[in-house]
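Below are structures written as structure tokens.
Shared chain: subunit A. Partners: subunit B in the first complex, subunit C in the second.
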Partner chain A sequence: MKNKIVLMCLFLLQLGQGVAQNRFPKPDFESGYKYPEIHYAVSHEDLLVIVDIFLLVLLMGIVSWAVIKKRTRKPIIWVSVISVAYFGFFRHGCVCSIGSIQNIALALVDSTYVLPLSVLLFFILPVLFAFLFGRVFCAGVCPFGALQELVHIKSYKLPRTLSIILGMIPWIYLIFALLYAITRTSFIICHFDPFVGFFRLGGDIGMILFGAVLLILALFVGRPFCRFMCPYGALLSLFSSVSIWKIRLTDKSCINCELCHNACPVDAIRPPYTNKVNESRERGVKRLLNYFVLLPLMILCGAFLMRLVSNELSRSNKDVRLYEMVMQHETNPGEVLSVELEAFYGQGGVINELAEKAEKVQSDYNFYATIAGILIGLVIGITLIELSVKRTRKLYEIDHAACVGCARCFSYCPQYKIGNESGNTSL
Partner chain B sequence: MNKLILRNIAIISALFIVTFSTMLITNYFQVRGTTPLQTEVVETLKQLNDENNGNPALQEQIRQLDLLARKAYFVRIDHLMVGVYILLGMLAVFLVSARLYFVRDKNIPLKAIDQMDEWIIKSKARKYVGWIASGIAAIALIFVVLSSPYLTTTEAAPKTEEGATAAILPETENEPEQINPTDSSAIETAEADSSKLPADSVSKQIPVSKITHNAFRGNNSNGITSAKGVPVKWDLGGGTHIAWKHDIPRSGFNSPVINGNKVFISGADEKARELYCYDLTTGEQLWTLAAVNIPGSPFKMPETTEDTGLAASTVATNGKQVCAIFASGDLICADMEGKKLWAKNLGMPDNHYGYASSLLSFGNLLIVQYDNQNSPKVIALDMATGAERWSKSRKEKVTWSSPIIAYVNNKPQLVLMGNPAITAYNPNNGEQLWRVECLSGEVGSSACSSNGVVYGASEYATLVAINATDGTVLWEANDYLPEVSSPVATKDFVYLATSYGTVASYDSKTGKLGKVHDFSGSQFYSSPIIAEGKIFLFSNDGKMHVFSADAEFKLLQSFETGENTFATPAFTDNKIVVRTEKSIYCVTAN
Partner chain C sequence: MEQKIENKNENKNSPIARRKFLRVLGTAVAGGSILAISGGLISRAKGSEVSHYWQIDPQKCTQCGRCETECVLQVSAVKCIHANKVCGYCDLCGGYYRSNVKELNTAAENLMCPTGAIQRKFVEDPYFEYSIDESLCNGCGKCVKGCSSFGNGSLYLQIKRDLCKDCNECAIATACPSNAITRVSLDKPYKLKDE
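And now, the complex of A and B:
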């Protein structure tokens, strides 16, 4: 308890250091006053980046040790606290592995974009760990996951059907994040980051309210953001499902007590399954084959539709938007200039050059939106195929793609407790 | 700790959090909506300060109010931040107490939430996924259909043209295309009522480009257009790439302007002065408006030279009204359907060649450069009513140049060439911004601008580059100078054409002479227009020259059209409208 109080004090102290930056217009007539030169204090950014990487590896190492070797949850709680305090409140949620997807995507298509090493490492290290040990990054190293983990009080399960449907969102979100990043339109993962407003103690009110709703939900539903929104989690789930060292509930034989299944807040433990439905094998196989045949059609359909909407999507790009504004202004030159137009004309912008840029962006959108459509069709098709496969399970099994390594299930397992009577399960 | 105490702490802190969050959100929106420096008092004082040309006592008062407002704002922000810290503290209390309350409770439900078989769950999920995917696809399709420009224009425009194509005028999209038959001033009308057209022509409607050419040398009269797909070669005699061609009822040296699907020109002779409107797509003459019954209009037309005439000034439109001025000083303005809105005579201009300055539209303002011997001035009129918004007398001698709008440091400047100065005004109120005395003789060509620099040139004077932020002269050159044709500038080069057949380029930053093309025997009265990185320029003998608007300044095309051309062509997407000595024709890329 004493430790908790000390930690809480440190936590609150850290919060106090966050100072919101306000912009305010300068007086708009001349008084002869000369503004002093602005000097921005340069923090020890290089050192902090090293600390970031070191801490990232250390914390993922601790989580891996805790869930693979020791099967205990206590270190994960501490890792979560450190992650929220350091990566969240101290580093203001940036660099963030989730957002790094966009930097990587942009660097892959644009050779002029300089990818910082720290961003590369923040992207690649959790992937590497996921391939080795599962989603240990999600367990408590990711400040978003950690924040949800810390606020989670009691688990109420969502209907599985709903979970399956919502589980498609991260993939779609990932596809759109990549599309917007490689077209240099926007880093939407950063723009629509629901928790960064908390970590920075300020930001877009809409996103803060959205984050608040997610956190309230996280009180009773396990990690809603990680499961139903996080695009990086979707990516990690691929590697986690084929990880070398997998999280296991117990070394002893499962007695099918169902306790772990009920304890899992993210619904990542699959119960034993025996087919009770009166459906012929032939019909099931036929359905599956139908979906395999339909898969290319879904892909084509996705590509076609995204191609159709690509011009509309491209309007979120600043160059395309500016071009439209300029064209509007050229049509009605007397209208009051917007800030964007003032900047454009003020900097001697050339309409033809802007038109070329806008055309290039639209052409990029036509191409990449088609690819995005292919991927969306693929996601829907594969989901339908997965849902058409009957798998027989005799014991409770961890779905390693969905498991975030929170380690709640260990203490519930009676077989585990036999060998760990002294284990503290209070957390 | 007692579970009951923990529970109560959690409940109380939860209630506190809910109440406090509501207060904070309310406070946030109050602070966000506050613009302390734009209060009525401060704004009024600032206006007074502007009018009084800087009253130190007033300025001090504004500063004090400004400081007070800033203090108040930051205090509120600080309060908000304190509130956030308190909220976070209470959140921590709630979480710790709630977690401790539930710490010993094992999450062991008595029964699973999904009682049914996994296969049934999967089947349901499959069904929902299918529905959702189909729904998203349907929404995407609806979205595409609704955002289609074809659908928008078809719905919006009730009018079509005869033949295979018809077009839509965005500005009048909800109004029927017709002329007021009771208006006696409308001599000739051409109705384009869709009810009289075959039904299939509606389905063949094509959208009209939004690229307008609202005045002499385009919008802002700057010689640059955003039009795309502009044709670079045509054969007027053979009809290749010629959409239509018509003789013009009365002569004039003014240039065509384009807005939506309408083309406007004017013509005049001793008998009448008229404004014409043509259909851009078909070339059909839609209406004619005569300048008649104008109070103060001279009974006898002024003497003009043959190469100026009574209709040398190009008309101007803003998409709602179109105005034309003649050498008699008669100014008429009509709506886009040809209905006369107003007309007035500005006083017979004392001009030995004939009045030739073109009109310029700036929003709802009509700018008239009226530099004559008797009372040189620049006037801004309301295009809808003809009411004078402002007028400034000028110290210039008679001029044939036309006004332009230059955007400098985000703000529009009205730039006028004259003898002896190039002068910039605020187009909204006529305030003089700067004046550079650098010209002499008969100033016929107009200025151009690029990148905050105004370029002006006149024969027997100079080519001058002026920093339009402060009116300082950046450089001057006098190798080749235009007489009638106006220069055009990009950020790197200035291009001009002389009346003795030379087309030259200058470095816009240094004034160094670049590449020169010599077309011996030709004269250039028409002004160059830059479209899609190319310079389009007519010589008086009707030869079209197309150059690359870059450092190489290559001659890309040069071909005869067969008709003398003095006017500057008008551009829109895929089309060029050219006025020759006697006719008007439309070149199309299709």
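And now, the complex of A and C:
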């Protein structure tokens, strides 16, 4: 009987759904019942953040010391193991420096965005170390680089043209990541993270498969992710190419033996090259200048194309999508409400406000996509110039932008060995 | 001899000197940009206690069910939480029983929770105490929907701090239709209903 009354009450209440929250009064217990005390578990996040930063600096310091001063590989292997274990499997790879680009970009354009100090440090410290010592972060402190480093067994060289063309991908990826981050659409670097699934032992199956393919590739090709995907690596390469202290193989003169070139997994040691086409210096300079005249054309093309598709791109933004759904519903109200629309109408959303928001996002997209197009044009143009300009080199030279400081080459250099054994290593 | 070449190079503004100049220029630009970015942002950067953990605003949540499926973890970090102080301790609980039950017993076809994570204990007539077995809960929010449409809304979904990986961008937050998921500070880690 009582149940029936309650059931009836429920039916009545169902009509007034969403109005009342305290439909049933607090029970007066007669048996002296006490409310259970429930405590929810909290992890020691604040402490761990400090450990993260400390370890980041410590490991980068160790790698810098190993590649610049000591020129040995062993510490880097240990750093890699620690990094994969701690930043990877223990901390599950979040927040990582690669992803922090997006937070920084968003904080730069949006003053309301709250930027945690730890994220800023995760972004700026590796950049600073790259500026001082080269890409020591990539060497083994980054868990992604470390993971690929640890599985790498044999270096097969890719054709130079192919690796230059594939080398455009990180830049374009970076540009799109920035575009999507500053329009508050999504953090695509985090979304398409191939290795985080391994560290978390589960995740999006597509990304895990992609990560597995990358890891299998990494067995034979040095660091495919770092070279041909990583947007942060692209950024660091800018700083490492002008770094203050640079990695040097040996203090003695190079004997052009090519051993270091063969040992380098990321193809950062450029072999000697004699330009077969014997063009005069003036003509060469002229040719280069012509290319630079073509560069603005590429930039214009890029800007134009990206502006054309900017409205399409803005569809990936949540507000724009919602606005389109609402408009569709308004013109054709008979259909079943989707989850988004239910939430929108349920919260008493105002269409005009939403329209304003969507318009703002779209104009943002118009503007930033044009800039992205300029940058994409620049990247493609510079890559083409790089492909066509060949510089004469007499000796093997380290390309500091590409060098990730894995330190494999040191033990191969015969000149370095001689110097080391006779005990007169000097910096 | 070498000196001579060097002199010659310098006079002609040779590529070596130019490259060196470019390198110094690059170094200066790089150093300057590091200083500019860190200087510009460090004043705005807040300690980690500000805006850290992802939490659901229970008032905004519409129980769409995406918390169960969108989390990057295999079993979502979102769990149902029960606010005892809000609960009416009803026998006929909208979160415990399905809406069209014929008999009030614990047969699976009568229960709302697909995993049997909601347990209840008899307190005194006619009150029952409800609790959630977190290891069984998958964050689908079916009980929450039942409770908030028929009852006091004491059952609600929340992101468990010990389970959440604290992703840079919460996958559920991007999928949430009501924008109910935002970051909260470390010192007040949970958005609870019974506080």
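Everything that follows uses one rule, which is that the second predicted complex is superposed on the first by the 366 of 427 C-alpha atoms of A that agree within 3 Å, B and C clash if a C-alpha of one lies under 4 Å from a C-alpha of the other, contacts with A are read in each partner's own complex, and residues count from 1 in each chain.
The criterion applied here is as follows: contacts are C-beta pairs under 8 Å (C-beta built on N, C-alpha and C of every residue); 3 or more make two chains touch, one makes a residue touch a chain.
In this text the structure is predicted, and so the values were computed from the model without any measurement.
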item: Partner chain(s) touched by A:242 [first = subunit B, second = subunit C, both, neither]; value: second
item: Which superposed partner A:153 touches (first subunit B, second subunit C, both, neither); value: first
item: Which superposed partner A:47 touches (first subunit B, second subunit C, both, neither); value: neither
item: Subunit B versus subunit C as contact partner of A:293, first or second or both or neither; value: neither
item: Footprint overlap on subunit A, comparing subunit B with subunit C; value: 22, 24-25, 27, 29, 31, 342-343, 346
item: Complex contact set, residues of subunit C against subunit A; value: 23, 26-27, 29-31, 34, 37-38, 40-42, 44-53, 60, 62, 64-66, 72-74, 81-82, 84-86, 88-92, 94, 104, 123-124, 126-127, 129, 131, 148-153, 160-162, 165-169, 171, 174, 177-178, 183, 186, 189-190
item: Residues of subunit B defined as touching subunit A within the complex; value: 21, 25, 28-29, 32, 37, 46, 49, 54, 59, 62-63, 66, 70, 73-74, 77, 81, 84-85, 88-89, 92, 95-96, 98-99, 102-109, 112-114, 117-126, 128-130, 132-133, 137, 140-141, 143-144, 147, 170, 210-212, 214, 219-220, 224, 226, 228, 318-319, 361-365, 405, 407, 409-410, 450-452, 490-491, 532-533
item: Subunit C-touching residues of subunit A, taken from the complex the two chains share; value: 2-3, 6-7, 10, 13-14, 17-18, 21-27, 29-31, 33, 35-36, 38, 40-43, 45-46, 49, 92, 94-96, 99-100, 102-104, 107-108, 111, 114-120, 124, 127-128, 131, 186-187, 190-191, 196, 200, 202-204, 238-239, 241-244, 318, 339-340, 342-344, 346-347
item: In the complex, subunit A residues that touch subunit B; value: 4, 8, 11-12, 15-16, 19-20, 22, 24-25, 27-29, 31, 150-151, 153-155, 157-161, 164-165, 168, 201, 205, 209, 212, 219, 258-259, 261-263, 271, 273, 275-277, 279, 298, 301, 305-306, 308-309, 312, 326-328, 330-335, 337, 342-343, 345-346, 348, 350-352, 355, 380, 383-384, 387-388, 390, 412, 426-427
